[in-house]
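Following this line, the structures themselves.
Heads up, the next two complexes both have chain A, just with different partners, chain B and then chain C.
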Partner chain A sequence: MKAILKYKTLYLMMLPILAYFAIFSFYPLVRGLIISFQNYRLIGDRPFVGFDNYMTVLKDPVFWDVLQNTIVIGTGIFVINFILPLILALSLNEVASVWFKKVTQMIVYLPHLFSWVVVGGMWILMLSPDTGIVNQIIQLFGGDPISFLASDKYARSVMIFTSGWKEMGYTCILYLAAIVNINPSLYEAASIDGASRWHKVRFVTIPQLSSTMKMVVMLNVLGILRMFDQILVMRNGAIADKVDVVMMYTYQKGILEFNIGPATAAGFLIIFATLVISFVTRALIRYDEG
Partner chain B sequence: MVKRKKFISMIMAVSLLGGVLAGCSSNSGNSASGDNKTTPTAQADSKNEERTLKMMTGVIGGKTPEENVKFEKEIERLTGIKVTMDKPASDYDQKLLASIASGEKYDLLQVSKERMNTLIDQGVLTPLTDQVKASKVLSDPSVIPTDEWDQVKTKDGQIYGVFTKYQGGTMPIVRKDWLDKLNLPEPKTLDDYYNVLKAFTEQDPDGNGKKDTYGLSTAGMYELQGFFSAAGLKQRYVETADGKLDVPYSTDAAIPVYEWLNKLYKEGILDPNFATNDTGKMRNMFLSDRVGMITYWDAWVGMLNNTRKGQDPQTTFEAKGLPGAADANGNYMLRRGDPDVWVIPANAEHPKTAFEFIEWWNTQDGIMLGSLGIKDEDYTMDNGKYVLTQTGKEHASDHGVPFWYNSNVEAPFGKLPGVQEAQDLVNKYATLELTPPNWSEAEKIINEYSFKAIMGEMPAADAVKKMREELKAKKLID
Partner chain C sequence: MKILEKKSWQSRIFDCINVLFLLLLVLTMIIPFLNTLALAFSSNLASMQPDIVLWPKEFSTEGFTTVWNRMRLYLPFMNNVIVTVVGTAGHVFLCSVAGYVLIQKGLPGKKWMLSAILVTMMIPSEAIMIPLYIVNKDLGLLNSLSALILSGLVSGFGVLLMRNFFLSVPYEMSESARIDGAGDLRIFFTMYMPLAKAGLATVTLFEFVSRWNQFTPAVLYINDPSKNTLQVALKSLIVDTDVTSSNFMITTNVRMAGIVIALLPLLFIYPFVQKYFVKGIFLGANKE
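Our next item is the complex of A and B:
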C-alpha cells in the first residue's frame, strides 16, 4: 500500500492504458468466451450449451481442412519471414554506399506500410495471366502464361511469397538496428585474429543477432494463426480450398452465416492454439534467457 | 516456488475476473429475454404508440451523412413519423449484427432475403402475414403482384418481410453494336453463343487493329445461369420431386456446359482473368471495349449504356440483355436476385408505426422518395412535373429504390436505355434460386471443381463426379 502511495503518479499515468485494454481487449475477450458457450441469438435469451459449439467446430471437416491450410501457409510465411529479412539485412550491412543502403531499405520497407487491400490488389494485377508483368516476362522467355492465382499448384506459394515480400522490410529493419548495436571491438578482435569478411558475419554478426532472432520468431509465431486480410483479398473460388484459413472460417460462420456461437468457439480454439504454440516456442528457443 | 505461487495467483485472478464479468453478462442475457417478454405488452397498447421509428438501412437513404439527415426530415414531412435512420457507410451486415447483438432496439431493418431467413431461424423477427393480408395497400395486386409474395414466404406460408423495391435478375449482356458490326444475329443456342464469342475475340470488333478483345468475361462462377440454361440446369439448389435437395450443376447433365466453357477458355475466348475478377473489373472490361459479353444485372444494361453516353454522346456503344442459351425445347432459364425486404425485429418498440411506414413506402410518395430523393434537394416540382436538380442527376434516381412493383406509380423520367427489355426478360424467364443456410460450404466445393473443369485441370466428367461425391460426403446434398 505504501508503495502504491509512493508511486501514485505513475499508477495514475497507467490508468488510461489499463482502461483502454480493459475496454477494448479484456472485456471483448471475456464476453467472447461466454458467447462461445452459448446458443447465441441476436435478440432474446441465450441459453448456455456447454461445449456444444466447440464440438460443432471440432466435428466440422471444413475446420480441419482450413486448419491444415493455415498450418502449411503459416509455416511457409514463418520461414520466409525469418530467412529473407536476415539475408537482406546481412547483405545491406556489407554495402558501403550509404545512399544505396538507405534507398534500398526504404523501398523494401514501403510495402509494409500499405494495407493488404492495396498490396493484394497489386499482386492480382501483376500475376494476371494476360496483362500481368510476371506473365509478360515469362512470355518474353518463351514460356506459357500461368494463372498463378487460379491454380491449385501455385496458390499457397503465392500467398507465402507475397507475404514475405510485404513484411520483409519491417523485419529487416529490426535486424539492421541490432547490427548497428554490435560492439565494434568484436570485429576488431576478429580482424586481429585474421578473420575474413564471411567469418566476421558467421562468427560475430549472426551470434550477436540471436536475441533479435528470438524476438522475430516470437512475433511471427504469434501471427501465424491470425492470417486473414491477405487471404480475404487474394482468394477466389478456384483456390479457396487451398488457401482458406481458420480466420476465414470464423468470418464465414460469424459474419456471413450469423452463426455466432461456433464462430466464437473457433476463434477461441485459435487463441488457445496460439497460446500453446507460443509457450512451446518460448521454451524451445529459450526466449527468457536473453 | 515463488514463480509457481505467482502463476497460481494469476490464474485465480483471471478466473475471478471471468466470474465477475460472467455474472454481469448473464444478467444482461436475462434482461434481453425480459425485453422479449415485454414486447406483447408493448404491442397491446400500440394504439397510443409514439410515432417515432428507429431503423437501419443498407442502401436506402441519403448518399452522404448530411443528406441522410435531410432524408429523415423528408420522411417526417411526408408521414409525420419521426425517424432515426442508421445507414452505415460500409460492411452493413457486420454493423447490423454488432448493433443488434449489443442491445440496440430497431423498429425496422432493411435486409436481404437470405439474411431474413437467418433471422427467422433465430426467431428474432415479427411475423407480418396477418398484417399484410389485412393491409389495403399491400394486398392490392397492382401494388405488389400476388405471385411475388411467394418469394418471401417461408415453408409454412408465413411472411416476415415486405419488399423494399423491385429486385431484377442477371443475364448475359452483349455488345449489340459489335453484333451489328460483325453482321452476327443474336445468339440463341450454345453453338450460336460460341460463334459470336469467337468472332468477338478474333474479328477485331473494336476496330483498333489489335487482337486485344475477349468474347466473354465473368466474375468467377458468380453468374453462369444463362449458359447452364442450355442444359436446363438451375444455379445453386433445387428441390426434387421427392423433396430432396440437389445441386443441378453437379449432375451429369452439366458436363457438356463445362466442356463448352472449357473450350472457350482453351481458345482464349473466355477472359483468362475470370477467376480473379470481381464484378467491378468485369464491368470495366466491358466499358473499355475489351470484352463483348458479360453476365450481370438487368439494371446495369441501362447504367452501362448511360456511362458510355456520358463519356461520349456520339458513342455507338450499345449494351443489350440476352435471355441466355435455349435448351433442347427452346426454353430459357435466368436467375432472379434475392429481394431486399423490410423486417420488424421482435423487440421493436413501435411495430405498428413500422408497419405503417412499410405501407407508405409502397405508395407514390414513398416510391418517389426512394427513387428520385428529397424534394428541393434532388428534385423540384415545376407545374406538377418533376425536374431533377444537379444533385438529383448525380444520384441517378436511386435512393434505394431504382425500380418498384407498384404499377400505379409511373417513373417520371422513364428507364435508362435497354433496361425495360432486360427486365422483360427477367419477368419472362427468371426464377429465384434456392439458397439453404449452408450454401457457402457447398459453394466452395462447386466452385473448386467447376473452375478445374473450365480451366481444363480436370476432365469435366471427372470434375462433376468428384464435386458430387464431395457434396454427398459432406451431407450437402441428399
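Our next item is the complex of A and C:
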C-alpha cells in the first residue's frame, strides 16, 4: 500500500491510458465474445443461443466465398509485397549514384502516405474503360479497352497489383535500412575470395536480410485477414462476388443488415484465425532458424 | 572502397539494365500522379475526352472551384482538420505519458500494464468493429467527431515508440532530479519531453498521416453528412456518384481535384516523414 502511495502520481498519469484501453480494446473484445453467443436484438431480452451464430456463419455459402476471396487476394498481396520490395531494394543497392537512389526511394515511397480512398480512387479513374489513361495506353498499342473493374477476370489481379503499387516503397525502405547495416567487411572478404557481384548479393546480402524478411512476413501475414479499406473503396456490384473479403462480410452483416450476432461471430472467427496464423508463422520462422 | 575496380562488360550491361528497370518502375509510380494532377487542372470538357493526359488540357481551375465551393468539400475538409489536429495532439501527449510511466524502475504492476498494452496490439481492430460500434453507440458517440477523435487516441505502437525513446535518456538524470525534490510531472515535462523531441516528431508524423487518412471509423460511426470527414466525402465523390446521377454531372477534373486536395497536406509533411519514419518503424517494433 505504501508503495502505491509513493507512486500515486505515476498511477494517476497512467489512469486515462488504461481506461482508454479498457473501454476501447478489452471491453469490446469481451462484449463481442458475449454477443457472439447471443441472439442480439435492439429491444427486448438477448437470450444465449450457444454456437448458433457461429453455425449460421459457417453454413452461409457467402462466408465461404468471401473466405476464398480473402485467401486468394491476400496470398497474392502477400507474395507481391514480399518479392517486389526485395527486388527493388537489391536493385537500388547496385546503383552507384546516391542522388538517383534517393530520388527513386522518395518517389516509390510516396503512395504509402496516402489513404486507400486516394489511391483506390486514382486507380478507379485511371482504369476506367472510356477515358482512363491505362486503356488509352492499351489502345495506343493497338489493344482493345478492358473494363478492369467490371470483369471477373481482372478484378482480383487489380486489387493485388494496386496493393503492390501502394506498399512497395514502404517495405523497400525496411530492406534498404537493413542493407545499410550489413558489415562492409563481409563484402571485402567476399571480394578477396573472388566473388562476383551476383555472388555477393546471393551469399552476403540476402542471408543478412533474413531477420528483416521475417519481420516483413509477420507484418504482412497478419494484414491478410484485416483487408478492408481497399476493398470497400474499389469494389462494385459487378465484381463483389470476386473481391468481397471477410471484413466486408462482417461489415455488411453487422452495420448494413444489422445482423449483429452472426456478424460478431464472424469477427471472432477472424480473431481466432489471426491467432492461429500468427502462431503457425512464428513457429515456421523459428523452425527455419534450426 | 573497391568501387574503382575495373568493371567487366557483363557488369556494365547489368548496370544499364538495372537502371532501365528502375526508371521504368519510377515511371509507373509517377505517371498516375502526373495524370491525376494534369486532369485536375484541365477544363470540364477536356477532362472527359479520352486521351493520355500528363499535362493540363485547356488549363483551368474549375475542377477545384466546383469541388470546393459547389460540392462544399470544405466542410468535410474542416472536419478532417479538427479530427487530425485534436486527435494527433491527444495521441502524442497520452502516448508520451504512458511511455514515461512505463520506464520507471521498481514501479509495481509495470510489467502487467506493459503486457496489457502489448495484447491490445494483437487485437485486429477491424475484427471487433461490431462491438466497437455498439460501445460508441452506448456512449452516445455516434455521429460525432468525438467518436473519430477517440478512435485510436492511444495506441500500443505509439506507447512503445515513446517508451523506447525515453529509455535512451539517462535514468540517473531523473533520479538526481528526484533527490532534489522534483515530482514526476515536473521531471516528465521539463526533462523528458524536451529531450525526446525526435520521438515526439516521429509519433506526431505517424499519427498525423494515419489521422488524415482515417477512413473505417468514419464509415462506421458517421451517418450525418455534416459530420463527414474528407476520406468518406472523397469516396462518395469518386465511387458512389458513378451510378446514381445527381442533379449535375461530376466530371473527371472535379474528382481528380478532390484527390489532389486530399493528398496536398501529406505532401507538405513528406520531407519530414522521410527523416523520421524508418527509425520510428524499428523503434515501435522493439518490444523488449
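The rule is simple: the second predicted complex is superposed on the first by the 261 of 290 C-alpha atoms of A that agree within 3 Å, B and C clash if a C-alpha of one lies under 4 Å from a C-alpha of the other, contacts with A are read in each partner's own complex, and residues count from 1 in each chain.
We take it that a residue touches a chain if its C-beta (ideal position, glycine included) is under 8 Å from a C-beta of that chain, and two chains touch if they have at least 3 such contacts.
All of these numbers come straight from a predicted model, not from anything done at the bench.
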item	value
Chain C versus chain B on the shared chain A, clash or fit after superposition	clash
Touching partner for A:Val243 - first (chain B), second (chain C), both, neither	neither
Touched partner set for A:Pro61, first chain B, second chain C, both or neither	first
Partner chain(s) touched by A:Asp45 [first = chain B, second = chain C, both, neither]	first
Touching partner for A:Ile160 - first (chain B), second (chain C), both, neither	neither
Between chain B and chain C, more extensive residue contact with chain A	C
First, second, both or neither for A:Arg31, with chain B first and chain C second	both
Partner chain in contact with A:Arg226 - chain B first, chain C second, else both or neither	second
First (chain B), second (chain C), both or neither touched by A:Ile255	both
Contacts of A:Ser151 with chain B and chain C, given as first, second, both or neither	first
First (chain B), second (chain C), both or neither touched by A:Asp130	both
Intersection of the chain A residues that touch chain B with those that touch chain C	26-27, 31, 124, 130, 236, 254-255, 260
Chain A residues within the chain B interface of the complex	26-27, 30-31, 33-34, 38, 41-46, 61-62, 124, 128-130, 145, 147, 149-152, 236-241, 244, 252, 254-258, 260
Complex interface listing, chain C residues touching chain A	2-3, 11, 14-15, 18-19, 21-22, 25-26, 28-33, 35-36, 39, 48-53, 94, 97-98, 100-101, 104, 107-108, 113, 116-117, 120, 122-124, 126-135, 150-151, 153-154, 159, 183-185, 188, 209, 212-213, 215-216, 219-220, 231-232, 234-235, 238-239, 242, 252, 255-256, 258-259, 262-263, 266, 270, 273-274, 277-278, 281-282, 285
Parts of chain A lying in touch with chain C, wherever the complex brings them together	3-4, 7, 9-10, 13-14, 16-18, 20-21, 23-29, 31-32, 35, 88, 91-92, 94-96, 100, 103-104, 106-111, 113-118, 121-126, 130-131, 133, 135-137, 140, 165, 169, 173-174, 177, 188, 191, 197, 215, 222, 225-226, 228-229, 232-233, 236, 247, 250-251, 254-255, 260, 263-264, 267-268, 270-271, 274-275, 278
Interface residues, chain B side, partner chain A - complex	17-18, 21-22, 25-26, 29-30, 32-33, 35-36, 93-94, 97, 100-101, 115, 118-119, 122-124, 220-221, 271-273, 275-276, 345-347, 437-438, 440-441, 443-445, 447-448, 450-452, 455, 457, 474
